[in-house]
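Note that chain A is present in both complexes that follow, paired respectively with chain B and with chain C.
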Partner chain A sequence: MDMKRDYYEDVRLFGSKVVLFWFLVLIAFLGFFPFLFRNYYVYLANYMAINVLVAIGLNLLVGYTGQISLGHAGFFAIGAYGTITLMTSAHLPFLVALVLAAIGAALLGFLLGLPALRLEGPYLSIATLGFGLTITQVIGRIGFFGGRQGLHAPELTIFSWHLDSDRDFYYLLITITVILTLVARNLVKTKVGRAFIAIRDADIAAETLGVNIMLYKTLAFAVSAFYTGLAGGLYAFVLRFIEPQIFSLLMSIIFLAMVVVGGLGSLFGSIAGACLLSWLDLELRNILSIPYLGGWLEALSKSYFSITGVSNIQLIIYGSIMVSIMLFEPLGIYGIWIRTKLYWKTWPF
Partner chain B sequence: METKNRTIFFEVCNLSISFGGLDALNDISFEVHKGEIFSIIGPNGAGKTTLFNCINGIYKPDGGHIIFKGQKIQGKRPDYVARLGIGRTFQNIELFTHMSTMENLMLGRHRYIKAGLLRGAIMWAKRSFAGREEVAHRRKVEEIIDFLDLQSVRNKFVGSLPYGTQKQVELGRALAMEPELLLLDEPCSGMNSEEKQDMIFWIKDIQDALGITILLIEHDMKMVMDISNRILVINFGKIVTEGSPEEVQKHPEVLRAYLGEQDNLENIA
Partner chain C sequence: MKKTTFLLLAVLVVFLGLASICTAEEGVTDTTIRIGQWGPQTGPAAPWGAVARGTGVLFQMINEEGGIHGRKIEYHMFDDAYNPAKTKAGVKELQEGIGIFGWASGVGTAPGLAVKDYLMQRKIPWVGPAAGSLHWISPPQKYLFAVYPLYYSEAKILCKYAIEKLGKKRIAIAYQNDDYGKNGVSGAEVELAKHGMKLVAKVPVELTDTDMKPHIMQLRKARADLVLLWVAPGHAVRIIGTGRAMRFTPQWMSTSTCSDFPLMMAISKGLWRGVITGSFAQLPDSTSPLMLKYKKAFEKYAAKGERWGVFFYAGIGFVEPMVEGLKRCGRNLTRERFVKEMEGIRNFKGIFGRIDYAPFDPNDPYCRQGQKELFLIQCEKGGKAKSLTGWMEPD
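Moving on, here comes the complex of A and B:
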């Protein structure tokens, strides 16, 4: 049994020296990553980092607080449109615009949290679904936001640093993602995070201990929307062009899938789930160009699966991987990680 | 009466609540003095837990008052009532099953912890307010862990603990909020006799050492008669009688409504 000698062990950001060591190794790897891999992988890493932010934000809401949301593409859109319009129309610097847009998303998250005080489970999911669908419809109708034509992202400059390549943007993105991941870790270890989990596990008991459920449920929505809005603002500069159709219902569902596949109520799971599904999403697009196998898969897809004649084998593989993970490990990747850890700890028994 | 001038610690006046025409509580009035163990007994469905839920603010009563330290608390939100200093355990355990014992008890400290979203987000162990505060409250929780002999399960998930231990953790969680009034809803149900003895010992200790006033619901008559200062008997949402254990035991209606036949009384005495 491990003995606790000092309560700071509970409170520290890194549980032990070993964890700190591996964290520093990871940071070093992330720092050299763009020099080790070609540009496509830097783009993939950017895409992953954004999804990690969303997954962590969504997990704080779904996994930790136990409130479901099918409308997170809405917050993502608010972050993206907010950042661009604040930069082009109000001429604010990028970081200020990004944070303001995320705060805007958080305020809307707070408002969306209000019906959550009365709704649960399937009812809440439909309410949030309505929100997600409405946001893109509204944005698509407003000329100021470019309407159906969409918006182009302006040039990106932070002080005197011109971020004109994927590699430059990578460093900005990784810094933000690492900081916000550590912030989320702190949150779940302190008062606010404990209140979130308490609401999920036994809300009446939480109330009788002095937890204001109204406050913390809406706060969970606001924090979650803040993370997602921030990710949306960054995503606008990965794509360099945004239009309402991007922020679809499917996007909300993929966000939720990342959280569930990764493992509900686990930050590690969110990171793993977001990375896996982002990687599959981009990588499976290339599946048809694999020699021999690609051609065979395309033929298989066209003759058996596709309705329209367009190859859809990517989606089928994507879906079956999701199904198999959930089938073999309901706790998602986090569950697989726990089992592996336990296996090595108790090996050879 | 010398009681007229002092502020009443806890009082329920003419409390009534009904669910769809069924009077769950009808005109319930009683007073609890500071520092005593006040038990509420009655058959299943008498309205005991409903009474607790009204006190906590989980139910809004239809009529009457609940006064705690000179303040009306009926119809207030549960978290508001909790912050005034009323703690509670539940008949069916309501623990945060995916947290450790320590974290469960830390939720009891919720109302004392000041570092919220922003200060919590930038926690950096000893260098931060949130970190130092967390540790200070963990020390406080440790006292309760020692008090209830929970050291061996401190870092275990409570969902996997045995039933009796879970009841203990729940008591610890309520104690961690340092309540002035503690509502215990059947703290001994489902326990074996050894666990029961421990629980009775702790309840007495909570009264004596910590000076906490206790409102107790319990079915174990021996225990109730043993530790209570005064007892309220209710049935069908109405008061049957109120008094010291000796008075209550002799009340004819109590014998009929709750204790049953004459020979049962012999067992109790």
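Moving on, here comes the complex of A and C:
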């Protein structure tokens, strides 16, 4: 079924015509999405798309190259602040500012990749953690970036297209997300991706085979930071207002959770993880309005917790979902998908 | 013939029906008015979530009394955990899902700023954001009515009292390095300049600072005899504690954000005694008829474990002008009418200070700044507050 007969068959962007067909169906669905659902869901989709970009970028680093990062909120902040300041101070058009800010994030990613050459595991996570915390501290103290008072996003215009609704922004965002997802897929299927995976599986073995560790490790950091920076620049326009406090340690941890819950070393997993956690993040708030269950939770909270306890139930459920996914399927959502596929393929055996 | 008449009548009925649906304002029905609010119920800012619950108790009380001109208030509150992305999601969901007439209060500058443009573009009224930021009124917005007095004004009032009544000569400030703190610095500088004085020290405090010794060193070196603490409650307590340990005990003054004395006494283990702060609302033990009425409603409707603290009843005070505006509209409630009635509010007195609005003028930020006055209180034994002054307005 999945047997590959030559190299070119393996590097193909779409494994088969069936995959291509479903991809086109998905694109068509995404195209009609804003007409099928009300504006709130378009906003939700925008929020998801941004997290998908971050999760893909982070998965290239964590899942494919085997390097950990707890500082991606820092790259996210650089993208957001860079895009806005380049637009307001240097009067650059949006797309130019966005790409330049993402390149800025990539450069810092490259620099952060240098210590990663000598650090591994918990030591690397501490180094990246420090980076993430430092960035928001530095931004918070520089008046040019609005300090702790934050920055307002300017009006968004691309050539003569004025993007002032969630729907306009959705089309921009989905286009960027689809293109960058395909780029990432191409990347992991070809030479660079193979080098990443080789480093993850056994870096010494990879080096003996001629993989330039220094080049590819720093490249993984740079590419990952580029994706995250780009997502940050777009996020600034979803919120239209940014301040350093938004880019907290918790944000970096949630990013990492998206990748792990989705499935390490799988682009499908990144997309699924990002969508699931973003959806839970915004929608679990409504847990009390679910019929029966909501009333029961409220009664439970009233008899055993204080009034604020009931709100914490959403956090408890958020946590339990993550724990149970990891407990029953260490490969995350991607693992569940593989198992389901295998089950149906071999059905009824 | 009969058939035609019937048809005509049917068409007329359908048209009238449609017309009445079209003219009805979003979020208003014959029997209800839908009002929304966000507030952190989880996360680090959760203590401020009491504001949104206070508003809920006020609305419950109003509904029990029969509502506003026969319409009950349908209150939709949600938890945003002080995360602007969540605030925006919740506001959009409620606004576009069920339709909200107007938004009440809402804690926090960042969450509020994330939805400000959205609400203003759609011409949706928003009254009493629970943060004393200049962002709400500069530039003024037609549909946004601020209540919370500006930190800038508070600093002026505190400095005036320090110079004229306490006779202090060397005033310093420790301020949080953000909007909040900087407004305090500029207010203090302007007031001191009026008396030919300058701040002897301006010490910035970062949100993440934990060791206060360097700050105290600077204040002591400047030989300050009065220090304004324009910081968050946790930092204020830490500064006073470190000061005590380093034998630096000037007169401390702080802002209304630190005016919940029972709470401040508890977290400072009694060190808060003697501190002077501003207060934008009547004191918790006030016996004014209105406060007693609200307290009764609190006892009746508030959940178990809720405390009658400043944040809780501030949630009532922030929304009082909105309720007044809704009452003035009568049965004919539209957003435009509501804004017009709000603009007519003068000398309104609830449990906060006097509230005045004026017709919209894009060049006058104060046409949308309701409360300007405050009074000063001092923390006494057991966290009781003593009023030092009557209501004061900065000149």
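What to note about this one:
Here is the rule we go by: the second predicted complex is superposed on the first by the 319 of 349 C-alpha atoms of A that agree within 3 Å, B and C clash if a C-alpha of one lies under 4 Å from a C-alpha of the other, contacts with A are read in each partner's own complex, and residues count from 1 in each chain.
Operating definition for what follows: a residue touches a chain if its C-beta (ideal position, glycine included) is under 8 Å from a C-beta of that chain, and two chains touch if they have at least 3 such contacts.
Model, not experiment: these values are computed from the prediction.
Overlaying the two complexes via chain A leaves chain B and chain C side by side, clear of any clash.
Judged by the touch definition given at the top, the superposed model places A:Thr346 against neither chain B nor chain C.
Of the two partner chains, chain B is the only one touched by A:Thr190; chain C is not. Of note, the Cα-centre angle with chain A at its vertex and chain B and chain C at its ends comes out at 150 degrees, rounded to the nearest 10. When the two complexes are overlaid on their common chain A, residue A:Ser160 makes contact with neither chain B nor chain C. By the touch criterion stated above, A:Arg141 is placed in contact with chain C alone, chain B being left untouched.
Judged by the touch definition given at the top, the superposed model places A:Ile246 against chain C, while chain B stays out of reach.
Once chain A of one complex is fitted onto chain A of the other, the partner contacts of A:Gly150 are limited to chain C, with no touch recorded for chain B. No C-alpha atom of chain B lies closer than 32 Å to any C-alpha atom of chain C in the overlay.
Against chain A, the residues of chain C that register as touching in their complex are 41-42, 46, 49, 53, 78-79, 83-86, 88-90, 92-93, 96-97, 110, 113-114, 116-117, 176-179, 182, 206-208, 302-306. Looking at the complex, you find that chain A touches chain C at residues 38-40, 43-44, 47, 137, 140-141, 147-150, 152, 166, 238-241, 243, 245-246, 281-282, 285, 302, 306-308, 310-312, 314-315.
On chain A, the positions that touch chain B within their shared complex are 4, 7-8, 10-13, 183, 186-187, 189-195, 197-198, 200-202, 204-213, 219, 223, 265.
Interface residues of chain B facing chain A in the complex, by the touch rule stated above, are 56-58, 77-79, 81-83, 87-88, 90, 94-99, 102-103, 106-108, 110-111, 113, 115-117, 120-126, 130-131, 134-135, 138-139, 154-155, 173-174, 177.
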